[in-house]
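Going by the order they are written in, the chains are A, B, C and D; count residues from 1 in each one.
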């Protein structure tokens, strides 16, 4: 801990594309559960959780034990899509623990170890199944940075990064996009229904039930059911991208469970490996699993370290205790946030989200970013979201203790207080 | 080892897209160096090396030690692009061990942990730098399965998998594509030179110096220098996709070192983590590192397990001993293959490749696949390549012992003998 | 007139793509003003007017005289974009008669002699001026059959005819598309305003003020002004495609005059030549006329027969008498149509349109087509429009006499009566 | 003839896109046969022929007579695709005079009155017939300015004018593109044959047998037969764009007659109306005429003036006299051009073309343009072609008299002499 890394290493050797190191300018060395430490020994509460990739916190003891044991035994590390013992175990356990109890019958595809990979595989398959080319996605959706995934992502800064027109996609308004009154699906269906609308019947509709990067926008369950209904009536595949909202983040393993819908294809990544190692799954209804062997492939589909930790992570889902804990603490989070909005009217805040995917949107330019920066200096790691970074978001580990949660909320409030007050002083000056 | 996994797990639970499990129908449990073992205890020589992701063999002892030590210390596992101690160490070591001694000045980008990710980031950046949209790639090039990477990949089966037209790319003939006599670059330049050619000056030319999936086609150094020269004269960025041919596979760390060229962007993945864990780098000449922060991002850019093992792997490159070993054994491989072609004229074989990236192309339909299948049954893992799977390829670990290599070659010959002989009997029958 | 043409000539020699010959199965030989005659001498009232290309009726005497005189004098017929005397005269007269009195300062481009050509030229120029790629068009817009024009056309049957994805365009809801209450421009602007909407700021918005093929949908003037305002605020070019609604069809020379807007680019074709010969203009605000010479060209830009008749046609616009006549007769048409809707509730009819661009929409499947077929058999030529051909439309010549108009309306009512009544009988049977 | 038009009318009122008026800065008033006159009474020999739209010269007496007669009789002018008497006559006459005697069985489509329209219709139909998306075109091909036609056009200046990427097309090398030795079709077929080439089997191959705008490049008959053979073996549609090279320009009605090939789709426009009025045809083998009614349409498909003159023009093809005349005079043209190249070595000239489609290519920058400008000042109208305007081209009317031809050639030589000589003086100075 006495070593002091020269931060210039990053500015000199790493590309300008680096980003979080600019928001959190310190060198992290150690992490456990909901805490992280930097080189100087400073402790941080982590309300960021690897952008949703660390739902079980850092370095979960059981997963760690299983992983080290596996490595020490010289188990296969990298296997493409050959058969290995840990892969067989994962397939069975995932089926038994997650799919079967939810009455879900899906084939499991290992599409390569990132969210973009599972999305790209889902889009390809939907196009193959239907013979159609277009995909409908939603405003402020975020699905990844590769050209296929980017084409269904709304953010204009990211889209421009493509350097070429992004095609074969149509963006429709997400729930509440235009106003609270407007039923955005009436609008969508009007486009499908009118043969002169310029919008072709798509291969698939892809959505996140709660948009993370797009600003913590939670679609109402009723809205989700209507989307599913539209898909059924128009013979469109429904793809739920549960990369960020899945694996318990919104309170249930899949984010759409309470809506009662059954997507045709489900994209999982981020926390699915449990330990933060790269991993992704594409779940496919058996009738749509019409891939030819090798039609989509990739070098790192067989990340056995991830099979091992992902299997261990399933132990959290053997009973309902984690879900109950999330529900209980989520209520605390939302009541706290609602209290903040009331207490600090300067925020002009709007509370958003579901489960452990929460945030406050403030229309005041730059304010969300200031609060996050202030929080960091006080030992709380948070980030912002939304097209103008107008939302500061809370993504604690699902496993966080009540003490950890309260400590984080306390720092958050202090940061808000500090961000709001000085501004007034400046204004009054 | 006494456990017997039901192979039906895979056919029942895993998607039809699975592929290698069909070629190698057994459950692997353990691996070390150039050897793998399956559940029944059967030992295999590995001439496949994770399709080039395991250049240092399986579970290298030094990397394993460092990795376990790191995990046990609760080092940060997942960090996006925050600063962590192992990342700083990797950046410095990679710069000192690989870049500086080769007089290479490049910024390092962590684009997400797969080959497709580094390729997608390279294409985006080239388009941003030049303001142009088109990319020239080569026949039988392979760059990945996401839409952007697929658009520069030649294979028609993979391309059709996109389900949409792949655009903003032009395919030009790789070295020796049409015939030995035709200078394919004279042709390419004619297209650039003629304002009526229908081919716009591209943002970049992307190539593999030795095409792996495309059939072990090694471009001549002179051809590579001419490509670089064309890029310089037309102000086109040169991207070398060294995902498979790099990290020593052709005999030097970068596959283009002996050609003496300096690409503008270099794509690395597969063996760069050393241990087979997902990892990728994009190397960028500083003058082209004009990314805005976060313009390309991804959840698994900060795979610290990979930073740790990748740093350990650099120890192989502190002196020239590995390169010398590869050169010596490569000569053995190619002389053996040439001998095979002579000895088994039924193959109508053509030896291809460079370094430890070798193969024999046989125009006899299905023969390469038969030989690989026969080899598997005899305890040698190999795969085929080329647009019609007409090449069986040898990808031993760079660290393989002479004994291991000879044993593999012996099995290979036996497999050829067996594959060639029965066919004649059948033919004669 | 005694000659009898074998209709099999068309089925045997002409492509299956032929269409109106199926609706109007007779051989026409002669036409004058608002009347046509077929081979058997049968007379027809023309409420079709060449789909808006014959606003001045057939074979206008003055134009005919000037055209024959010109041909007899061996004037230049075809001149590409060389200078000819009739072209100079047309340019001056068009400027003096049409542009100057309306305080409109526009450069005149001759883009090739069809509506698709002027639209293609407008889209190209808007992209060049702004450096952007996308175009926003509206539901049920119709702009032509070439790939560029088709990409902004809404009709799904026509779009599928492209055989490739149509790209770089976004369809937004036209006035009243979803419902009478919804302000479709609030919706559109929400997409422009939100950086995460997936809709890029476009190069241009293209629209028809009254959609012809799309179902005789007249945008409110207020809506048009709001579109212009959006274009100004977002620095988007406004293109009005006045190919069908222009040249007096809606009551004024340009269809947008009463709305008080000033489009950046205006597309004219159909009736601009006056005599029904192929001709088109693109009008461009001088500051956007940044074409390089020859950047868009075409063989038939210099149709001097059209210059001659188009100049003669301008005589109709020297004073306000034609506009007054249209207004007076238009009132008659709409009051008659409203009366029909009331008198024949079985139509469930909705009167649509503006000026001499009128129609009744009936949701009863096939009914509009039946009425048009019945009208044809009774000597009235009409066609249907709308995505499901649910509108029968009235496009009389602007020059039609009161007697001609009344005769046409009389036949129309008889056709409706006949189409509605038998159906009830059938239903009652 | 005493009227003097102010040339400022064009610069002030017409768009900057105007082009030929810059090369030929005078106001033309009258034309007959191979001659044109300007306002001042100056006479010009026309070696330009409306870029191939005036193969029968200006204002042919028979066509003129028939056209005036038709107009005076109030024949239908504009008919979309309704049946009219002149259309029936044209269909029959075209079939009897052109198709049947050549043993050609094709359906006739009227796709709209321009070359771009027939090309767009051909591409659409080929895609519909095959279900494929890509089209192969050739270097320096020219097919039109609308987005679909432009996507198969080679010229980079024109392509950039699109403002968007042009997709779903692949450019292959035309005959002799790279060098005289290289067989460009061996190259093309290699791409089709190799499943990893990145080039999909296309819907169609489109070509001009002699490229006009591209530089008067005549493909060898053997090369054309090989293209047809490739199309047959790969089940690709062959589209011959005979818009410029057809209607006698190369010596036979269709430019491909002597090659002995039978294209699947043939595009005709320019001189097909005979009189220079807008008109186009798409000829389709009956088995591929699978259009749905109205799937491709357009306002000016029924240009009856063109039906009348096109029918009259067919009188030139009742016997072989025109073909014989062209052959005889073509020999004179080519022997004269070869003489010029010999006599003026400063040209470094290369004679190109076939029939009445001839030119000399000179690598000396700007020289071809200088010669054409000099010729214009001396009373000869000619234009340049090729990607760098490096070819001056001779396109006399097919009906030109021997005297007219000789006079034109005389002026041409004088212009060359004058353009070459002064340059040497300047150089020597």
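Methods note: a contact is a pair of C-beta atoms (placed from the backbone, for glycine too) under 8 Å apart; a residue touches a chain by one contact, two chains touch by 3 or more.
In UniProt terms, the chains line up like this: A, B, C, D = Diaminobutyrate--2-oxoglutarate transaminase.
This one's a predicted model, so the numbers in the text were calculated from it and none came from an experiment.
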Comparing centres built from CA atoms, which chain ends up most distant from chain A?
D
Could you quickly compare A-D and C-D and let me know which has more C-beta contacts?
C-D
Between chain B and chain D, what is the gap in Å from one C-alpha centre to the other?
50
Centroid spacing, where centroids are CA-atom means, of chain A and chain D in whole angstrom:
58
Intercentroid distance (Cα basis), chain D paired with chain C, Å:
31
Residues of chain C that touch two or more other chains sit at 133, 157, 164-165, 167-168
With touch defined as at the start, can you tell me which chain A residues reach chain D in the complex?
164-165
Per the contact definition, I'd like the list of chain B residues that touch chain A in the complex.
3, 5-7, 9-10, 13-22, 24-32, 36, 39, 50-54, 58-59, 64, 67-68, 71-85, 88, 91-92, 95, 107-110, 112-117, 120-121, 123-124, 126-128, 133, 144-149, 151, 157-158, 161-164, 167-168, 203, 243, 269-270, 275-278, 282, 284, 289-300, 303, 305
Hey, which residues of chain D end up touching chain B in the complex?
133-134, 137-141, 152-157, 159-160, 165, 167-171, 173, 177-178, 182, 186-187, 190-191, 194-200, 214-215, 386-388
